[in-house]
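Order of writing sets the chain letters: A, B, C and D. Residues in each chain are counted from 1.
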Amino acid sequence: MFVNETHVRVRYSEVDQMGVVYHSNYFPYFESARAESIRQLGMTYADMEKMGIIMPVVDVHFRYLRPAKYDDLLTIKTILKELPVHHKIEFFHEVYNEELVLLTSGKIILYFMTAKDMKPTTMPENLLLKLQPHFS
Amino acid sequence: MFVNETHVRVRYSEVDQMGVVYHSNYFPYFESARAESIRQLGMTYADMEKMGIIMPVVDVHFRYLRPAKYDDLLTIKTILKELPVHHKIEFFHEVYNEELVLLTSGKIILYFMTAKDMKPTTMPENLLLKLQPHFS
Amino acid sequence: MFVNETHVRVRYSEVDQMGVVYHSNYFPYFESARAESIRQLGMTYADMEKMGIIMPVVDVHFRYLRPAKYDDLLTIKTILKELPVHHKIEFFHEVYNEELVLLTSGKIILYFMTAKDMKPTTMPENLLLKLQPHFS
Amino acid sequence: MFVNETHVRVRYSEVDQMGVVYHSNYFPYFESARAESIRQLGMTYADMEKMGIIMPVVDVHFRYLRPAKYDDLLTIKTILKELPVHHKIEFFHEVYNEELVLLTSGKIILYFMTAKDMKPTTMPENLLLKLQPHFS
């Protein structure tokens, strides 16, 4: 299992008039947390795009248990339970506030695709090699 | 069953560098489509908030089948399959492009809550009365 | 002078916890209003990008006089006071609420650039021809 | 003069199909940079709102000189050239990339207002005291 923790400070623009983070504004947090996870492994998602691989989101399923507020310093947990086989990868995300209360959790499925012809591909070899030790 | 169709033009700011609508940007479309559905019934979500009722999102589950592009005129279908009992309401949304191809679909669960003390409540009586004819 | 009026309904996601449209969320309204202005002239900004011309924003100056609220149906006025010479174009925007009160106004400068090599270019000939009758 | 530097990593959702940060997405960076500036002084903007003071934006003027790209680690410089007198405060912001090239610069004017009755007010005394040493 591979686990990463990233911290995000809630911005004013992300909070609605109920005084809570608007539900869709968690997705950029998750994307940013996945990007930091890959960076922690010594690669970047930006590099991957330069190699011609893109990762469109194909499925999201999240539950919002408790609200996040303006200026909260959130912990975004990114969990990879299984190494991807083929072109599909599934990430689990959990959001905690400073009191370590779970606010939101769920999963997101992305595909590895070639940008040029939009064909399914697999995780780049060097990233796979960095991840393998976490799954043995 | 209650069904509404709302049209949304994709804005430049909603499209990412893959040239497709970023996955989280569909949620404001859905929210806007639910607001138009309620308006069609002769009430507004803004009225509901003025009555002290808010509707936080508690669960989202969507699949992204095909991308939407900049300037696409999308049709957002909002479907209510059952009248809400208690404080929970479940909407289904489908997104179609101008060629009537299904791009995205899924469901979203919201709660009726009192803004003052954040207690679960039920759908306002007048809205329920407007919806009932669609379910008999 | 060329003037266009476009209508935009304020979305829930665009309003902050002060209960007003967050200042940066007017810019997608303006962009959308410029796109509708061009469409009114029989062309689209999407077409222009397909021709290899992009229009990056280089300067914005706006004043926020009165707030817009959730669900307000805003009128976005787009004003072109002069035909562009060279690669620079200056649009004026005004935002009115349903009571025709002016909420926000200002101007935005964009450049016509070639996407391929990021060189300054001029307004496409066919768009210029459509605009000229408004300036004689 | 009071100067603060804050770092922001560009998110995927903030970049448009030209491959650059969409012009309006700098404003949440600036807001976040102002919030960090106040935090550096030992107070938070969230505290100020709890005291009943809000700070609506009334004027923005920015120039976009060079684009920021996905995953860029930006430096946002926040400069207060003068202590606010009355209810008006003027911040200057500059955005630099990792090569210390200036990308964007400009200024933003906000008002101190009482949330309860929307009347102009002044900067909270304790924040003013923290700022004064920077201006003597």
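We take it that contacts are C-beta pairs under 8 Å (C-beta built on N, C-alpha and C of every residue); 3 or more make two chains touch, one makes a residue touch a chain.
Here the structure is a predicted model, which means the values were calculated and not measured.
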Open item on the list: So using the touch definition from the top, which pair is joined by more C-beta contacts, C-D or B-D?
Closed with: C-D
Task: Most remote chain, CA-based centroid, reference being chain C - done: A
TODO: Could you grab the centroid distance between chain C and chain D? Build each centroid from C-alpha atoms only and quote it in angstrom.
DONE: 25
Task: Euclidean distance of C-alpha centroids - chain B vs chain C, Å - done: 28
Task: Rounded Å distance between chain B and chain D, as computed from the means of their C-alpha atoms - done: 34
Open item on the list: If I count partner chains per residue in chain A, which residues reach a count of at least 2?
Closed with: 12-13, 17-18, 22, 24-25, 27-28, 49, 70
Open item on the list: Considering only the defined contacts, which chain D positions touch chain C in the complex?
Closed with: 17-18, 20, 22-28, 49, 54, 56-65, 67, 115
Task: chain B partner contacts - residues on chain C that touch it in the complex - done: 9, 11-14, 27-28, 31-32, 35, 44-46, 49, 70-71
Task: chain B residues touching chain D - in the complex, by the definition given at the top - done: 12-13, 15-19, 22, 24-25, 70
